[in-house]
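Below is one structure; the comments refer to it alone.
As written, the chain order gives the labels A, B, C, D, E, F, G and H, with residue 1 at the start of each chain.
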Amino acid sequence: MDRERLSALLDRHARGEVSRDELLEALAVAPFVELGDARVDTHRALRTGVPEVVLGTGKTADQVARIAQTLAAAGGNVLITRVTPEVAAELRERLPGVEHLPVPRLAILRQAPVAPRGRGPIAVVCAGTSDLPVAEEAAAVAELFGNKVERVFDAGVAGLHRLLASLDVLRRASVVIAVAGMEGALASVVGGLVAAPVIAVPTSIGYGASLGGVAALLAMLNSCASNVTVVNIDNGFGAAYVASLVNRA
Amino acid sequence: MDRERLSALLDRHARGEVSRDELLEALAVAPFVELGDARVDTHRALRTGVPEVVLGTGKTADQVARIAQTLAAAGGNVLITRVTPEVAAELRERLPGVEHLPVPRLAILRQAPVAPRGRGPIAVVCAGTSDLPVAEEAAAVAELFGNKVERVFDAGVAGLHRLLASLDVLRRASVVIAVAGMEGALASVVGGLVAAPVIAVPTSIGYGASLGGVAALLAMLNSCASNVTVVNIDNGFGAAYVASLVNRA
Amino acid sequence: MDRERLSALLDRHARGEVSRDELLEALAVAPFVELGDARVDTHRALRTGVPEVVLGTGKTADQVARIAQTLAAAGGNVLITRVTPEVAAELRERLPGVEHLPVPRLAILRQAPVAPRGRGPIAVVCAGTSDLPVAEEAAAVAELFGNKVERVFDAGVAGLHRLLASLDVLRRASVVIAVAGMEGALASVVGGLVAAPVIAVPTSIGYGASLGGVAALLAMLNSCASNVTVVNIDNGFGAAYVASLVNRA
Amino acid sequence: MDRERLSALLDRHARGEVSRDELLEALAVAPFVELGDARVDTHRALRTGVPEVVLGTGKTADQVARIAQTLAAAGGNVLITRVTPEVAAELRERLPGVEHLPVPRLAILRQAPVAPRGRGPIAVVCAGTSDLPVAEEAAAVAELFGNKVERVFDAGVAGLHRLLASLDVLRRASVVIAVAGMEGALASVVGGLVAAPVIAVPTSIGYGASLGGVAALLAMLNSCASNVTVVNIDNGFGAAYVASLVNRA
Amino acid sequence: MDRERLSALLDRHARGEVSRDELLEALAVAPFVELGDARVDTHRALRTGVPEVVLGTGKTADQVARIAQTLAAAGGNVLITRVTPEVAAELRERLPGVEHLPVPRLAILRQAPVAPRGRGPIAVVCAGTSDLPVAEEAAAVAELFGNKVERVFDAGVAGLHRLLASLDVLRRASVVIAVAGMEGALASVVGGLVAAPVIAVPTSIGYGASLGGVAALLAMLNSCASNVTVVNIDNGFGAAYVASLVNRA
Amino acid sequence: MDRERLSALLDRHARGEVSRDELLEALAVAPFVELGDARVDTHRALRTGVPEVVLGTGKTADQVARIAQTLAAAGGNVLITRVTPEVAAELRERLPGVEHLPVPRLAILRQAPVAPRGRGPIAVVCAGTSDLPVAEEAAAVAELFGNKVERVFDAGVAGLHRLLASLDVLRRASVVIAVAGMEGALASVVGGLVAAPVIAVPTSIGYGASLGGVAALLAMLNSCASNVTVVNIDNGFGAAYVASLVNRA
Amino acid sequence: MDRERLSALLDRHARGEVSRDELLEALAVAPFVELGDARVDTHRALRTGVPEVVLGTGKTADQVARIAQTLAAAGGNVLITRVTPEVAAELRERLPGVEHLPVPRLAILRQAPVAPRGRGPIAVVCAGTSDLPVAEEAAAVAELFGNKVERVFDAGVAGLHRLLASLDVLRRASVVIAVAGMEGALASVVGGLVAAPVIAVPTSIGYGASLGGVAALLAMLNSCASNVTVVNIDNGFGAAYVASLVNRA
Amino acid sequence: MDRERLSALLDRHARGEVSRDELLEALAVAPFVELGDARVDTHRALRTGVPEVVLGTGKTADQVARIAQTLAAAGGNVLITRVTPEVAAELRERLPGVEHLPVPRLAILRQAPVAPRGRGPIAVVCAGTSDLPVAEEAAAVAELFGNKVERVFDAGVAGLHRLLASLDVLRRASVVIAVAGMEGALASVVGGLVAAPVIAVPTSIGYGASLGGVAALLAMLNSCASNVTVVNIDNGFGAAYVASLVNRA
């Protein structure tokens, strides 16, 4: 409910086309559907330009399925993240046509064509094979949002030649998503090689002093490359979401 | 030295216009000026599209001045961050025409006009008066990089009406920089109100359990708004740098 | 054993109605029942005005059951928290009539009517569907203590309209319990919207930099709203307990 | 701007008493005074029932003084916390009649009588002499808000008899504020002795493993007494604020 | 090999009763039995006055059994700590007569009478029923070392009367072991009540901000009672070991 | 006020020698002197067998002086720890005859002879010259409490021969206090060399990853020698206090 | 692709023996095999003198097997670390002749003789039986790299005689690898006893305040012995790798 | 006192050339000079092959001077680290001929020629100008120990061309010391570029989430390059010490 719509509404009220009660109702009513334990935001696409996504973490299979069904009823594409095998089974039963990608732990219901968008490709680069689930989550989500995605996987900084071999891919991207665990140095090195914004995703890959991804997170936050911003550990989805916003024409 | 220039160089070498020694030299020579204790990157603007900036932290007044002089000799605008009063005095003596902004702790030498750029304004919103030095650093840097900046200061979430009063400013921005210390909730609330990317800057403002800004940093990294990315604590410069990249036409 | 009762006791001793040994005994005897591995406090209701509660964490099913039986024998209502399925099974067998609520992980034996009490309703607001077990623990406990409870669930700050749609519920509450994981911003936003005390409950919902709820905990402790106090991570029971004390007429 | 006032405003608009532009203005205008670097909330007392307070932390002496002057112009009492000697000097010059309390680091401008309020006294108990500045901040603020305050100072748990000697004071309080550094055990012990809500304030007093008050903070959050809630380290003001809300008739 | 024995050895060497090679050998040989992956210290009792104990943590069932058998061959009593059910089964098979105590996770092979020792009883006090495994480990170990032990269980500080009811037990002990999780306040309170040394054992009981026992550990290290020292989290064995040393006549 | 004295008091009350009001008074009155901001415990020596000590940390020079004067009036020896030069100056002025030891930061007023006590000497061993202030605090305090003290300073584990050269001193001690910063390994090595209890004092000496003494603290808590207990970082006083208790005949 | 090879390549290009396209290709091509989700570095041995190793952590059994097969095809020896039973089963099926060492969790395919190398033996010393998996990983890897290895196991500092009994082994080593959990003191003690470099490996063995190996890690980083460097917790492989480099003739 | 010398001593004792008392004395006497508060190790060069160094941290100017004088009397070169201006002044007065290097905070007394040693040069590479004090400490110490040192300063990974321009210097080094603050990525990148061992030195340079160097430390410990080991934050001396040992012929 922005200022312009409010102004229009008040005009119609002034002309008697909208009653005071209707006006109050319109001002108060929220663009969500009440499910009891969840309030599903069916207007989010309208407000933010990207379809609502169901974050699977911490929800029961039944909750995920009900929310997904509510969103599916609106006719758009539906994306569910952090899909466990249990949730996937539940979704396949209750959401016909849903597609399950086990590596990035995503479920997608495609009901509408995805229009290509974006000023250029989004490059997703990751440091090691172990970072693949997070990197692939970022790549698949960015594709679903209409972006062209180029993958550069297993290109950690200790084998710089593997990274430099894909330098042209990185340089022609309009945004780069850099995914790395352990020491997280990939973000700084990539940041220094490209002029585009780099969204860094620390992963929980590592052991001992990696502290579940905190080492990589701190490294990325302290990047000496000024074009780096950071999202939460393992948050491939968030990186793709922001990259998609940045890539908008 | 990118692939195209390498290709051209090799062509010229093949035609005998460039000797083998000259070629080797060209391949090895780095686009920086050696100052002994610093290697000043005079070609960075070329590579990344933004002028080199001198990060003042951890450098002596003499080091900052020498690096700034080297960059100034190249004729462009020069920006120095984290300028202490001592450094400012040194700069005023050795860099005629330099301008010192004490609140955001910046020094600027303007030698070239700043062309307006960017798809829209960058909004800089901060939670409290105490966050002002960081917020103003972000705002002043973004302006120096050619962006139109709109400031919304002292608009913390505990007085939501102060934030909502500036909702139109936030909504018309192409990027929002959200600066907050203490609990850092501003990033999530702003993230939910706008469709643009939000760059969150935690500040070290707070006491006790704020742990020098770590509380705000963690909050921002865990934002439930998907359009939020984060930079280091008090890193107003970094936020402006990325916002400027994102705002490019 | 407060000063008044001590005074009375001493009077009776002085009048010879109570022997020295009886007096010593009365002074030393503690109002608890010794179970060997537990000392069950059967007089707590007397001392604090709220029935004793069995905290299920860290106790074996047998220990929980024995303590609950001892308390049940006193005739009042008995509440057991953090009830695992194993404990629930044990309780159903040994405590006839016990009721098990799986979502908030509570078991309740109702043996006495609960008198309505409190100056007004207690509002329990939570940020996401995943916070529901903790929020529902707070709500159910507050109801068992005689309070009217109003629930506002899945109202996180990134969708501010969902929260504002329930603003009237929040404003008419005499105490608000705000339950949130991730960045925990809900406490500050709600704190700024109401005049009543807000009891913030961080939850362990989140991943990566949420550090098992520590991020939300720190955010809430640093709240810029002055009417916020905090309890331990996931401590819905504690929040309800204090809210109930505050709500007393 | 609550729902009732909105409804009234819309009625007046419908009757033509308020123009559309006036209505829009009323809806948008925020109850604050714009000072450039601060937005002073002059209506806060109206909204929350307690006067606005200037938190001195992180503000320059000039900023504190300007905000205080703005608030003073509204005619009520003004309270400034965390007042350094520099700020105190500035305030004495620019805010005639201001009173400076150096131990609790407060400045107070009394312009209106403080009406006694509250269901009973608020007890402020602290563990050691070193905790006095925080405890006295809590006590003085609670008094300024109209409460009767009873102080029990230097009553740490290692000398239990010093605490028990004041048991009657603690028991007749309607709220207890427990202030302690080091191991913070005072909160749990007091919590077990009284039926009233206990607001625990960890202090930064201690050394080594006290980690600047984090040890006491963690202890208080883990209190085995269910009537304890916690505020930030050294936050005597916040404790008094909430205690005052709880104590309202 | 202490100085006296060295002196005697050198005398015998001087008299020709011990050859140079024998002397060298005696100086080098260590009083342990090499098992390949373990070096079992069969002379420890001699050196330190307390029998060798097998710490079960991090060893395979086979390793524990082999070490225990080697120690058993020396004829003394053998104590194994942190005995998992798997290790217990292995021990029962290979170490006839071994006794398994499941609550404190101990296994004991009694082959020699335990002589009573100690200046007085050791009191073991714990805060809650959940702390029982650690408290019972301390108590059982202290008994095996020949001490008289008095148990005061479930006597947390939030129900001070339960603790004070056992005050005489605490006061007549020559050492007190205080076992507590959560906020660990028991150590300070007990420390203030007795004149004897108090050995504090934090336990990992708690949740959320207890951080696996770190909250209790920090509290105990910061105890305002000067007679408190601390051992590692859940280290009931270590507390009993030191208490036994302190209690020696 | 222990059970025996209570019993005697009640007898006298029964015989009419003590009135009810006198009895109540005796039960309530605490053995401390109220100074307003401090409650000075003049009976502590009676209760715990060791003179009251003024911990200087966090108190103003005036507070320290007033408390010391109150204790001095009782005629015994007075010990003040953590004495800054400012406090020392204040004490010299107001407490004639006070002695100031700058290295261990102690002030001592000797008014009574110190009777020798203890089963044997207390050895104080420290790792490096930098640990000397803490080690000397422990040594001087132990001496003031009547113990014979033997110092082994600058005997870190990286030069094991320096430690072993004093092995006989360590072995004949009835308690050892091991003081070390950095990696804190001294406690484990000494613990393995002696049969007596070892009280480990981590110091804040070190830099970087020593984290202000936390590294040494953690090492000492994890000691593989079972006869080691730990006190807070830099707490030389506490170590001496406990060592003195342990050393009692 | 080092400078010399580049120079030679350019010469051949200048002589027309290598076309411009071939030259470009040679400059760009990376010495790895693309497997889709992994880029296997078949030239690493050439670059660094040690065979490529497959780090098993975080990879699926299928990924490990495919990478191992690709490396095996090159004819050299292949080493896989952190081999779980599942991975071991997969490898046995797909990599005939592979050898599985369960204690150090290694798999080795021997296809080429290992030439003895190194200036002297590498000593691997560990503190306790529980540290054996990490110590044995270091020892076995060092042997596979051609070094002579001497093992000193279960020689913790609390039983110094067990360590000193192997002093000659330690002193004749050209590098020492010191493996310890808990307080990690072994590194400092060994560091002080030998002149050779000591590579310290903290292990995650311990409980409570060992914080998963962080205590030992911090201790080792703060070692007062200057010849100690540190690798990640449980990183036996890394220690052996560096020890092997240091031991090169 | 190693085994061989012990054997010889025992022979002489057997032949009557050394009395039993002399033998005992020789076995006990430590090769250090007792200064009261320090035990100066004058035989360290003998034992470890490198001259004793005075670590300046935590010592008073007087202590440093006395220790340095004792060492100087032995005639070798003396190195003092972490020299503050105060200590430098004291040394200049009491140690004629001492040389003070302010940037690396070293003082050196050259009394003997430094023989060139080492298999090759040691390269010291640092990330930024701010890391210079630590890098220069490493370089100057390595030179004093007889090594040839090559410096590559201000070569952070965000400007990879600056690092690659010095690739030949790095590749011909027999050991590389990599010094970096902030994200510490330099260690991993250098580790991947060279075959030699890399000793990583995290520095405390950075702000906010660098946590005083902990971010760089964690990154280096998690390096994906296997040839990297780590020393304490800012420990340039330690890195040079180990590098020197590794570089020995």
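FYI, a residue touches a chain if its C-beta (ideal position, glycine included) is under 8 Å from a C-beta of that chain, and two chains touch if they have at least 3 such contacts.
Quantities reported herein were computed from a predicted structural model and do not represent experimental measurements.
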item	value
Distance-maximising chain from chain H - centres being C-alpha averages	C
Remotest chain, chain A as reference, centres from CA atoms	F
Separation of mean Cα positions, chain H and chain C [Å, integer]	58
Chain F and chain H: spacing of chain centres that average the CA atoms, whole Å	38
For chain E paired with chain H, centre-to-centre distance based on mean C-alpha positions, whole Å	41
For chain F, residues contacting two or more additional chains	3, 28, 128, 159, 206, 208-210, 214, 217, 221-222, 226, 232
Parts of chain E lying in touch with chain D, wherever the complex brings them together	127-128, 156-160, 182-185, 187-189, 191-193, 206, 208-211, 214-216, 218-226
Chain B-facing residues of chain H, complex	128-132, 153-155, 159, 161-162, 164-165, 181, 205-210
Chain A contact footprint on chain B (complex, rising order)	2-3, 47-50, 53, 167-168, 171, 194-197, 199, 217, 221-222, 226-233, 237-239, 241-242, 245-246
Chain G residues touching chain A - in the complex, by the definition given at the top	1, 28-32, 36-39, 41, 44, 57-59, 63, 67, 202, 204, 212-214, 217, 232-235
